[in-house]
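Given below, in the form of structure tokens, are the structures.
There are two complexes below, and they share chain A, which is joined by chain B in the first and by chain C in the second.
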Partner chain A sequence: MNRKEFLSDCGKMGMAGVALSLFPWLESCSEKAKQEVQGEKVQIGIIGTGSRGLFHIKHLVQMPNVEVVALCDNYRPHLEDAAQYYPEAKLYDDYRRMLENKDVKGVIIATPLYLHAPMTIAAMEAGKAVFCEKSMAYTMDEALEVYNCRKELGGVLFIGQQRLFDPKYVKAMQMIHEGVIGEVVGVRNYWYRNNNWRREVPSPELERHINWRLYSEYSRGLMTELACHQLQNGSWAMGQLPKQVMGAGSLIHWDKEDERDVYDNVCAIFTYPNGVNMTFESIISNKHFGMGEQILGTKGTIDLVTAMHYTDEPAPKGSGMHQLIEQIESGVMSNSVFAGTSWAAESSALAPGMPIMQNVKVVSGESSVGAEADGSKELLEAFLHAVVTGKQPEKVLEESYYATQFALLADKAMHENAILTLDEKYKVPYTPF
Partner chain B sequence: MAAGFRYSDKNVLHPISFVELDAMHTHVELLLTGLSREQGEKFAQEAERRIKDMERRFNRYDMKSPLAVVNSRAAVESVGVDDELFMALELCEVFRVATKGYFSVATDTAGLEHTPYILDGATHGVKFLTDGVQLDMGGFAKGFALDQVLKLSRESEAASALLNFGNSSVAAVGHHPYGEWWAVGVENTAQRGTLAYEAHLCDAAMSVSGRTPAGEYHIVDPHTGLKVAQDGMIVVEGRSALVAEVLSTALYAAPESKRESIMQQFEGYSATEIICHKAGGVEKRIIK
Partner chain C sequence: MKDSIITAQAKKRELWILLACFVVANITNWVAIIRFSAPWYEVFTQIGYVVVTTLVIYALMAILRIAFKVYKLITRK
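Here is the complex of A and B:
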């Protein structure tokens, strides 16, 4: 099921309005919104055509309403790779030059983290709609600067927090807001891999250029590259922002083979005003548990990655027979699913769980480029829609902003070995769902 | 009035009497159509009384039950029991033989070549032949009780009835008011909420055996004393809820090679193995 099908299903049940009121950034997918941009062709430029940029290009080539007119990268082999998909596009090695191109209405920025803020601000100042990969910025000050720049100039700014557009997350959060799992009492996130997180380097002088993720001069490592995606789960589920953050990080394994200086082992706890804790753990020298994101409630648990709902309460007794009564009362006959092996009180650990929707594609989290069906394509579609309409979707930027701020704050807490709160100066208006 | 009784005459042509209760370690639901409120209440009271009575009688953990008395003394002496329990034990022995030992109410009999207990018809006495043997009639009692309630339903003036003992044993009197049968779906264990199999019951019963809804293996092979690690479900349909229950349990425990010959012993019953694949799809193997 994709986002359109999800909204269509909501519509059939008379729930499309509810879904859109909860998650207004999905508006771009409504029938009305589609008509609004029908026949429009969006002209896009891409800054950064490495692995993530190419990942977006592979989605873009499937979209008839987009024309990539400009490509930019200061590493020639990457630029040439991208040019194969769009031979007509103008090629640049300086993003400032590309931003002068009036044909470019929107830009996609998929560059190293330390370049996100300056490039985003320059693009907004050049009047372009911007989709920048996450995290939003390399520092907390830069993130605020980007946010304020967007506020001042208006225009469209998307950050690559694709879970906000992933149908299974949307459905899960809707269920959580409806109270299906009761009161939220915990949020668990983890992301394990067992690889060195390196890209192949053709010559030693390109080490930092290509493997920028491994060096704190360009990136904040696991917190900005992985945690940022998962940290929005707590605020999305509870409509609150963490009041404090603590954590520990270390470099325990991969430093043996290179000179990296970002942690390869991190653990952070985010505490919300209501006392609920959200955890994030990442180790890249063991992959057994893969990627996990779970919202724990007083009545059950929703696993966001697998889109499964586990109840802490026994299976409803006799629900099939009760349906049967309703059928007879209404003068109809249809099948009631209720037979099976013996009913018995279940322990939650053994409860088999129920899928929250059909045709779910589960993402392992193993790829460091991106995965199909993780919401990236839907996010891109929403951005292209916004480029045409010029409308910034509600709330989505604030979610992305705080995901970045708390990823950076946790990284700071780890380095300072301290319990930290977000400074007042970084607080921007936040509307709970 | 029975505690879990509910009456609905929203559909005046087919008023519904419904009773539910927890008994025999499961949840019991009885739905009858065509009775007046008074008739429905009377049925509910009598059904509940009988079910509770059988629960006490066959509960080996209730130290006052005749079964508990047998379990505590039959290893050292022949214990006399009443007609109903003796008849039930005789029936269990018939089932044990007919199912090649894959249905047995005697526990801890792994490796035994002979019957683990003797029944003395003259004295209605029970005597264990091996130390450590205990009788657990849980697997028998549910089907037995369901047959009793089925009989009670037929004796009432109900136009039709659907009787559900814990979802795994279901029996029907007549047919759905708006159909030629009662359509009972068996849930797909790999994709909850979807259908793996549909039984059409009309004056018939069905039983399902497999892993528990929580995924645990719980059926023991009497020959080995070990839990059977089969992922498929066995569905048996036929006249008697008790026989269906016995057969589904025995066929689940028995190896594939012996299933057909077990079924040959029982006329008028059909059995199907259902395998729900995690990757999608349901495989149905007709045993007989």
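Here is the complex of A and C:
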């Protein structure tokens, strides 16, 4: 979906005005913003050309307003793969040298988590606009450092929280803010897969270099690689931040096959000031339920992944005549019951639900690289727009910052087996929706 | 094959029976409206159901009348 299609979708959803006022970062998707950068070509460099970097490149080659002038990776095969798309680009194996390139106006950072903060800070100090993959940083202190650096230097900083630009999430959140599902009383997130999360390694000494996600020296595992995306749902739906988090994590299956030390099974509960809980659960040795993100309200539920709305209100009854026929029918057709269940669950889960918009592409969550139509392309387009204008969209950074902080705080809670609150020093201004 | 003759009296009788079925179907609709607290405009909007019910009652009555006639023919012999 390109920007035009996204805008068209927004229009169809009646989002043009309402959503832009509710979610100001979408301003960069407006017609006015499009005209603002018409004819401009953006020169960018990419640091990290592995699977995720390549995923972005595949979007970038479809965009006429962008020119990738520099590529950087310290793993040669990845760099050569990327160079096939941009044979004119200068190749680097050291990001610091790439940042010295004056032609580069913006950089996309798609490297292992532990490198996000130092690379982002170095790029901002070099005067580049930065798009860094989530999570924002490997530690809470680093995340704050990145936030403060951007505050001090100004400039543009995007973090790869693509749900903010996914039309189905935008529509769902608009409905939630309009009270369609009543008062929000719960947020459920889960992400199940059944694979070892490994990449093929050509020789053993490259194991940690390629499978960095599996080692706590480089990554915080499921919390920073998956949860970070979903934790945003609670604050987006309720306009507030969790007051505390507790959780449990363990290695229950995949450690039997390799040397990994990040959890392969996690469960966390985030409690908001109003008492509402948001859960996150991830297991990577069973994929039955796939990926799910549900906002539960007093009047209904919205499933963000499938873009479906389920109402808790009783279904409208048919006409009197219809009900009479149904009653006669059930009287004639039903079996005589002498004993049976004394209760039935009060469930609307089997109700068919209503799609909140048409032509929704449902993302299974199985790919560890990225999925089509998940907002990534729109996020990238918004970043390119910001590189030209130099304007940082409202709230994008704050949402990403807190998603990272709470993912890291939950990871800490799991390791310390404690209920934790976010330390005052990590709190930055947050404007509710 | 001989021509069948439907007398004016027979036609009139069938029309009266059909009208009676229509009345019964309407009464059923009114009962349903009262019983299920449905709005009274369903007297008109549910006319489709009423017509179908009329035909169903008429068909049931036809079956009963044929069965009764067959029974009478058998017992006369």
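To be clear about the criterion, the second predicted complex is superposed on the first by the 385 of 433 C-alpha atoms of A that agree within 3 Å, B and C clash if a C-alpha of one lies under 4 Å from a C-alpha of the other, contacts with A are read in each partner's own complex, and residues count from 1 in each chain.
Definition applied: contacts are C-beta pairs under 8 Å (C-beta built on N, C-alpha and C of every residue); 3 or more make two chains touch, one makes a residue touch a chain.
In this text, all values refer to a predicted model and were calculated from it rather than measured experimentally.
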Most chain A residues touched (candidates chain B, chain C): B
Once the structures are superposed on A, label A:Ser330 by its partner contacts, choosing first (chain B), second (chain C), both or neither. first
Using the touch definition from the top, say if A:Met321 reaches chain B (first), chain C (second), both or neither. both
Where on chain A do chain B and chain C both make contact? 317, 320-321, 324-325
Seen from chain A, its contact residues with chain B in the complex are 315, 317-318, 320-321, 324-325, 327-344, 346-347, 350-355
In the complex, go through chain A and note every residue touching chain C. 317, 319-325
Per the contact definition, I'd like the list of chain C residues that touch chain A in the complex. 28-29, 31-38, 42, 45-46, 49-50, 53
What residues of chain B sit close enough to touch chain A in their complex? 8, 10-11, 13-14, 16, 18, 20, 25-27, 29, 31, 33, 162, 164, 166-168, 170, 176-179, 183-187, 189, 191-195, 198-199, 206, 208-216, 233
